[in-house]
């Protein structure tokens, strides 16, 4: 397939590389063009604008936030200004509101829109081991499958409305944050009673909480290694704000969301913008007089 | 070894059966004596009092709450009234305060006390697949190991102070409750945006949250099967009260504990005492106008 | 003075009437022009656009939300398109972000901007008994004083940066909401123990909590009179969203804000959009199994 | 009347002095007898035991907590061991559970029990300006009225079941704590936006929140004067524990209770046992990076 790709940050660059490696014709665009150099060296075409990247069968976008995706869609020479509307697959973690707006905008101009945010860190992206959470019209999803196969280990279809993929992705990030919160509360209780954090965490992960999130973030909490940030607290806060906007729009009380949001604010206020989002563990311990 | 066993409820009966099956000499006592009949038929001796059950090498207790354990220890013909103090292994989910009181009482009368609460439901108990979380003096724990081997699949030693095992057990129960809470919040958000609960849960357990708690309780939340209760809400509330007492005594703020406690209260107030502790999922959905 | 007035809703209409009654020359504009008819009959001039209303010494605005104020400022023939920039006094409950944006926009075009939101319901507005909370440059505030005197019983100056008046106003609304929340929790506890709500509330207001908010909202909670709404729950939710945005921007954890926001969401989800914001009292009682 | 009085701490001593000053025959008992010396010098009789103090028409008790009241009632030569059961008026802030237990114990031995906790600090007690919140049988309350008149400025009858007075008293203390919490949150938001705490507090108390609690505690929060403690955080925590026990027993979710309890724990953990309960204001500011 002819696949366009917009957004060559750490995640996007790794994903685009796998699209190329899977044998697809790739056309890339990035705001800072030099990020595309090595992909071009390997055979990718360089587009002069998002719109030009959107002239193939599918165009995928991987951008940092709503504003960046809005810019490449609605801005000058944006994807929605192109003459031959493509199928746009958005891989970014964005708000439900933007997903809905894009769905309507594409419908209005004769194009198609699919939301397919991914779970996985940059190393999983590089290894084409992402989990893809997709939502959209069934025939659109079928057309996207070769792309998903090139970048991930498994695709989950969660609905026919694109924003439904976003609600699942945001919920997943909420649950990661909530797991960090609750593990940190329990580890602090244990620590103040003389139980080693590592001993406590071993019991949890070897018995009831053996999943990836508890293993990986449990390890960070045990080691209290919050810098350098793998995912900085302000980014976590942004995601929690998107969860909050979805909860408000659909009238869903989420009390634990309030708790983690406040701890992220406190982490940033007390520790600075460069702490990892798991750094709420440091705040939770400090609130109990530790550290 | 000569092992005494006090408390033949659903969990205790299954555990005692495995002690016997492992070839140990077993002496049992239960407030309602008929619960011991089948064990006696298989070769166990029947004690006339807790004190008599405590005359062997080790006496294990598995009781419903602090009050029941206090009664068999400090009551008439209780374990602490015996002349030849044994090594007492408490398997129950009790308060840190009681564990500390028992440790002191046994030290005062020349006996030994080990806390070894277990993770696992009745079916795991019957299959000798419990996880044993133990704390106490190292030599005492060595003496207990044949008992632990007879009833569980693995033993975790978390400290040399008995109550430390209880803080780990209580923390584990808190994390189960907190996981139910946060999954239910996320599932409600998804549901109000048209995502099937089953689809959402599949994404979570097949990617980031593959542990037992998320699989088992996730299934209950998807099926909304809260009755009959496997573990009734008032029992969950009791455990959360014990967590709260430990948090208060050691000065640890635990905001998510407050959230789950309130939801358990609401579940009991609105749904009755017979709902499962995962029934907070029903409350969380109802608070968002569902169901 | 020549005073322009934009926004003749329930509050704005009452305020503008007092400006006229105080002897000022008044020019009014409202999106629905008929709202101005009676004021014109009493001597006010009718402007054809916000910009025209802004040609006097001062222009005051009283609008429902950020969007409405943005429209009259930045829209076609808006206040900021006028040739002779006036002193703009914003009386609305708006976000800090918009207050800061307006301050900058006015500074850029040579005008002046003052924020002066008010406390008081429509009856206080009609009686010129509002409390005015003002912030801005000292000389600008002096110029505004005749206006404030015409509409309120007292003016509080809280800073020289306009958005500081908005943070005080939003904080006040948060405290009203929080007082409703906590009174409702206490009344529910009392009611479930057989204490009459009225008896409980009398003790509170006649001893420690004699202020207006506790008297007025306490009465609503005792009478459980949540409809028709004096201030509907979705408006309360909007204000709490603005508080949340301010808290997030300035990195301030506000756990009680999360609690009231969730109860507002639950009130709207379960009771509908037409319930008063004090209707969280009904939710809090229902969560305890009452009503 | 012949009035006995047990418990001559700071509050009790002041109250007993007013009983004497009002012309009643007073018999006093205190664990540390020297606290009674000046009252005896003024004409009070000294009892050798609580039981002896209970031989008059009415015996009033003012003690620090449940344990102290239990000791003087159920202990050796306690009030309930006396031969001629009196009418016992409990002025202390105690649990509902103890009030109910005492009601039953007095009914069983032919005596009468009234609960009448008071609002007011030691200076109000000394000035006979307490607010008395009373519950019990109507005829018993009539008999107590001369006592109430001697010590307070006003009596509120809230029910015929003694523990109902305690639920109102505990609710009042919860609302004080909650008001400190929410004012501190708002003041922190204001402070981080450059608004002076004093300016903010003046707006609040001069407009919507003019009651005693907001004036008095608002002043403490503005001055950030948390030591020496007027009412130490551990005492506040004890009261919140009693509120929590009442809420749990009557199945009432109280989310703001969880918030204040956690802040009290954090205040004690980070600042020590000697900080005033309003010291949660320091924690709330610190959580936002202030101070």
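First chain written, first letter: the chains are A, B, C and D, and each begins at residue 1.
What we mean here is this: contacts are C-beta pairs under 8 Å (C-beta built on N, C-alpha and C of every residue); 3 or more make two chains touch, one makes a residue touch a chain.
Values in this document were obtained by computation on a predicted structure and should not be read as measured data.
Asks: Measuring between Cα centroids, which chain is at the maximum distance from subunit B?
Replies: The chain farthest from subunit B, judged by C-alpha centres, is C.
Asks: Quick check: more C-beta contact pairs at C-D or at B-C?
Replies: When B-C is set beside C-D, the one with more contacts is C-D.
Asks: Could you please state the distance in Å, as a whole number, between where the Cα atoms of subunit B are centred and where those of subunit D are centred?
Replies: A distance of 38 Å separates the two centres.
Asks: Quick one: subunit C and subunit D, Cα centre-to-centre, how many Å?
Replies: Each chain's C-alpha centroid was found; their separation is 38 Å.
Asks: Rounded to the nearest whole Å, what is the centre-to-centre distance of subunit B and subunit C, using the mean of the C-alpha atoms as each centre?
Replies: Subunit B and subunit C have C-alpha centres separated by 53 Å.
Asks: What are the residues of subunit C that contact at least two other chains?
Replies: 247, 251-255, 257, 259, 262, 265-266, 269, 287-289
Asks: Help me check something: in the complex, which residues belonging to subunit D touch subunit B?
Replies: Subunit D reaches subunit B through residues 237, 241, 244, 247-248, 251-255, 257-259, 261-263, 265-266, 268-269.
Asks: Flag every residue of subunit D that touches subunit C in the complex, lowest number first.
Replies: 96, 119, 131, 133, 154, 156-159, 161, 163-164, 167-168, 171-172, 174-176, 178-179, 181-183, 185-186, 188-190, 192-196, 199-200, 202-214, 243, 246-247, 250-257, 259, 284, 287-289
Asks: If we count contacts the way the header does, which residues on subunit A are in touch with subunit D in the complex?
Replies: 255, 262, 265-266, 269-270, 283, 286-289
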